[in-house]
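Down below are the structures I want you to see.
One chain, subunit A, links the two complexes that follow: it is found with subunit B in the first and with subunit C in the second.
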Partner chain A sequence: MLSVDDVTFSYVAGAPVLADIDFKVAAGEVVAIVGRNGAGKSTLLRLLNGLYQPETGAIIVAGNATSDTPVHVLARSIGTVFQAPEQQIFNPRVRDEIAFGPKQLGLTGAALEARVAEVLERIGLLAEADAHPLDIDQSARRMVAIGSVLAMQPPILLLDEAQRGLDKAAINRLSTIIETEKARGTAVILVCHDMDFVARQADRVLGLAGGRLAADLPTEAFFTDAELTASIGVEVPDVLALSAALGLPPALTPAAFAEAFMAREQA
Partner chain B sequence: MALLEVHDLVFLFPRAKTAVLDGVSLSVERGERVAILAPNAGGKTTLARWLAGLLPDGVLKAERGHVSMDGKDWTEWHIAERSAAIQYVGQVPSQQMTGCAFTVFEEIAFGPCNLALPEAEIRARVDEAMTVCNLRHLVDRDPFTLSGGEQQRLSIAAALAMKPRVLVLDEPTSNLDPESRDDLLAQLELLPGELTIVVLEVALRPSLALADRFLLLDGGRIAADGSALDVLTHPRCIETLGMTAITEAAWRIQGAGGWESGRPLPLTLDDALQTLKVPDAVR
Partner chain C sequence: MASGSKQEAGKQSLLFTPGESLLHKANPLTSLVIMLWMISAAAVLPTAGTAILVLAAITVSMATGVGKRSVKRLLLTMTPIGVALIVVHGLLIERPDETNIGFIAVSPDGLDYALKVFMRVAAMLMATLLFVTTTHPSEMLKALDQRGVPPGVGYLVASPLLLIEPFSDRAKAIRDAQRVRGLDLTGSWKARITALPVLLMPLITLALSDLDQRASILSGRAFRAYPRRTVINAPHDSTFQVWFRRILLAIAILQLGIPLLWRF
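Up next, the complex of A and B:
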């Protein structure tokens, strides 16, 4: 679905932010990108969606090389929720913001209305459909940005810190969106500082450090490599640390921890 | 007299049907480290702006109630006096930038320059703020090309350089990587004890590291005010904000009959290690 082949990129000549980046993402995979502030995570997303061009190497998105495909064409196969949703919201009503993308794809009339209604429901903003996107709270604005991308039904979805600051209901809503997309075969790439969320949602973790791809591992293998996680500057989920301290098998989620704990109590 | 006092504040946005703040009363003493928790759309940012004297603003005003610092209503403060006393750092770093600074240095110096401080004092303040927020390596960079986390640290540094008596921080670690988050929280702890800090949070874990008093804002009112344990195990807090991963694990074990009733639920990894009596050597 997505392949990144030996990519290097720099903002300032001679000081690459990313070097020799090489990975693939398959349809239906949920991949987390983690790393310190300034590691180049958002930069990498902007390379994937064609906003930036690699200095060397190539990126193929759903069969198209980003080097010779216009950004608006790429946008049909790769949708991005940016770190600051203000950068992508520009319509006077939440409803219009959601409708904007599918309209560009040629959707009209009842089909367009149905698409907008479905998305409003998924992002939990049916009641706010006629509000101005800047008159709602921050997290609702982020949901609008997510909705505007979902409405295009892209086969690849990029989420930059989309989970931050969400309350319980909103996190659950986002989890459902990710799981539904995965089930539909969408490749989901999430940049995320919240390791509890990564542990719950991701199949695989890519770790950026010092401009390189320092890790590309299944989620459990990644978090159980203490040296590796420390070198990338991420913490392991608290329940995993607790299971290690208690000599229990590694647990990535509270539910898995409780199960392992009870299994030992009952043994 | 409390340092900051919110008295029966009722506030609605124009055209809104329901009040965002529906009779909020609270007071904060000098040197307190307070976390105000609320779900999304719960009114955190709105309350923060009232606390910091940014509301009323000539257009938006309260239906009822008022907010004062040192016993003096915010409406009676001069803006220069107010901004030297209290600083609010909003939750969207890019919106916190002055827009007229070409470098990180200038961005941090902007506030102190406007207080017309001597140059040496300005330089000393910028220097200290850069240390606290780990920005030295970015001193000459354009604020608008920083990464999300770098920009968030800059927005906090700019507030610190004003040397306010009160800092109001709206989700201050939301863009920070785990290391930077812990660093920043530790650095804030090291600041003089008389500095009062109020954080507005959805995330439970970072607020536990910073605050020793917690308030739950629910339905426009203060529904709980107390210790971390009191507030984080309050049913409405669990319903709207969930539990920390550690609390949830213990709660699931309790549900399965594996956690003695009466034993308090742990909030943090350290709590859990202690209650489960894991020897230090294994930690």
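Up next, the complex of A and C:
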């Protein structure tokens, strides 16, 4: 679905901010990109959606090389939710904002309306469909941004700190959206600082440090390697730290923790 | 590959270009007075004089390391103005001295006038470019504070320049956000014009909401609590520069004033 082959990128010639980046993401896989501020996460994201071009190497998105494909064409295959939803909102109604992306892809009429209705339902904003996007709360506004990309039904979804600024209910809704997308075969890539969220959602973690790919591991293997997480500069999820403190097997979700805890209690 | 670092990319959006030239090191008020003097000179000099002024300003900009950006901006701005001046004054406005070149009636006086206006505008623009490319707005703000200018006035003067960078960054972010939603900005002119509201609406909405937020933040930090502010790291100034400014300012006023008196 997505292939990043030996990519290097520099803002200034001779000083690469990303070097030797090499990974693949399969359909239906949820991959988190983690690392310190300035590690190159957002730059990598902009390389994936074609806004930046690699200095060396190649990025293939659903069969298209980003170097040969215009950004607006790549948008059919890769949807991006940026950190600041306000920066994309321009329509007077939530439903129009959701409809913008599919319209760009040529969807019209009843098919467009059905797509918008489905997305409004998924993001929990059916009741606010006719509200101005800037009149709803920040959490709902962010859901509009997420919904506007979901409506394009891209086979690859990039979420840049999408959970930030969401209230608890919206985070749960986002989790459901990610799970549904995964079940539909969408490749989901999260750029995220919230390690609890990463632990709950991701199948695999890519750790960036100093512009290089320092880790590409299944989520549990990544978080249980204390030396590795420390070198990449990420915290261990609370639930994992708790399970370690209680001498339980590693648990990445509260449900897994509860199961391990109860199993020990019953033993 | 993108060129320049993120920081440099940000600075490119702002007109200021870092450097070590005399103009960069000069007190911002000195640079401001030089600009004012050049503008006043451009207003009164004959065409040949303004042409020399433009050339001199370009030479100085080259020497200070801001030449490429300044000249690029000068050409981008002046080319359409030049074309419009030639068409309007050389071809469209009827004058007694019109001569026919083929089927087009051209007025040499009109062209002379167009050249005069063109050179004046170019000299004024070059003076402004020289100032904004070598003086950072925040330094200008400090220099105004240092001279006891009320903070509100200083902010009013410098804030438009200070806002260029974040405004430009935001415009780029909005453009990127819409492109990844399938907006085609590489197509026909019609498509690009249609895309304008998509790009401008969030920019204007956010700018307006920012105004209120900025005002609240400034008030919350007691921005106007005292009529004068103390500057910790004020830009370097010297007696020489103070006198240089006074003399140049006097010349600028005389340059403008004497021709006016002469006319009456």
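Observations on the model:
Keep in mind that, in the parts below, the second predicted complex is superposed on the first by the 267 of 267 C-alpha atoms of A that agree within 3 Å, B and C clash if a C-alpha of one lies under 4 Å from a C-alpha of the other, contacts with A are read in each partner's own complex, and residues count from 1 in each chain.
Here is the rule we go by: a residue touches a chain if its C-beta (ideal position, glycine included) is under 8 Å from a C-beta of that chain, and two chains touch if they have at least 3 such contacts.
These figures come from a predicted structure and were not determined experimentally.
When both complexes are superposed on subunit A, subunit B and subunit C clash. In the superposed model, A:176 lies in contact with neither subunit B nor subunit C.
When the shared chain is aligned, subunit C comes close enough to touch A:13, but subunit B does not. By the touch criterion defined above, A:67 reaches neither subunit B nor subunit C.
When the shared chain is aligned, subunit B and subunit C each come close enough to touch A:86.
By the touch criterion defined above, A:246 lies against subunit B but remains apart from subunit C after alignment on the C-alpha atoms of chain A. Residue contacts after overlaying the shared chain place A:35 against subunit B, while subunit C stays out of touching range. Between subunit B and subunit C, more residues of subunit A are touched by B. In the superposition on chain A, contact is made by A:196 with subunit B only, not with subunit C. Subunit B runs into subunit C after superposition on chain A, and of the options 183-191, 219-227, 237-245 or 255-263 the stretch responsible is 219-227.
Taken together, the two complexes place residues 11, 84, 86 of subunit A in contact with subunit B and also with subunit C. By the touch rule above, subunit A contacts subunit C in their complex via residues 9-13, 15, 46, 49-55, 70-72, 74-76, 78-80, 82, 84, 86-90, 100-101, 104-105, 134, 148-149, 152. Chain contact summary for the complex, subunit A toward subunit B: residues 11, 35-39, 42, 83-84, 86, 135-140, 160-161, 164-171, 193, 195-196, 233-235, 237-239, 241-242, 245-247, 253-255, 257-258, 261-262, 265.
Against subunit A, in their complex, subunit C makes its touches with residues 1-6, 8-9, 170, 173-174, 176-186, 197-198, 201-202, 205-206, 209.
Note for the complex: subunit B touches subunit A at residues 13, 39-42, 45, 91-95, 145-150, 153, 171, 174-181, 202-203, 239-242, 244-246, 248-249, 252-253, 256, 258, 268-269, 272-273, 276, 278, 282-283.
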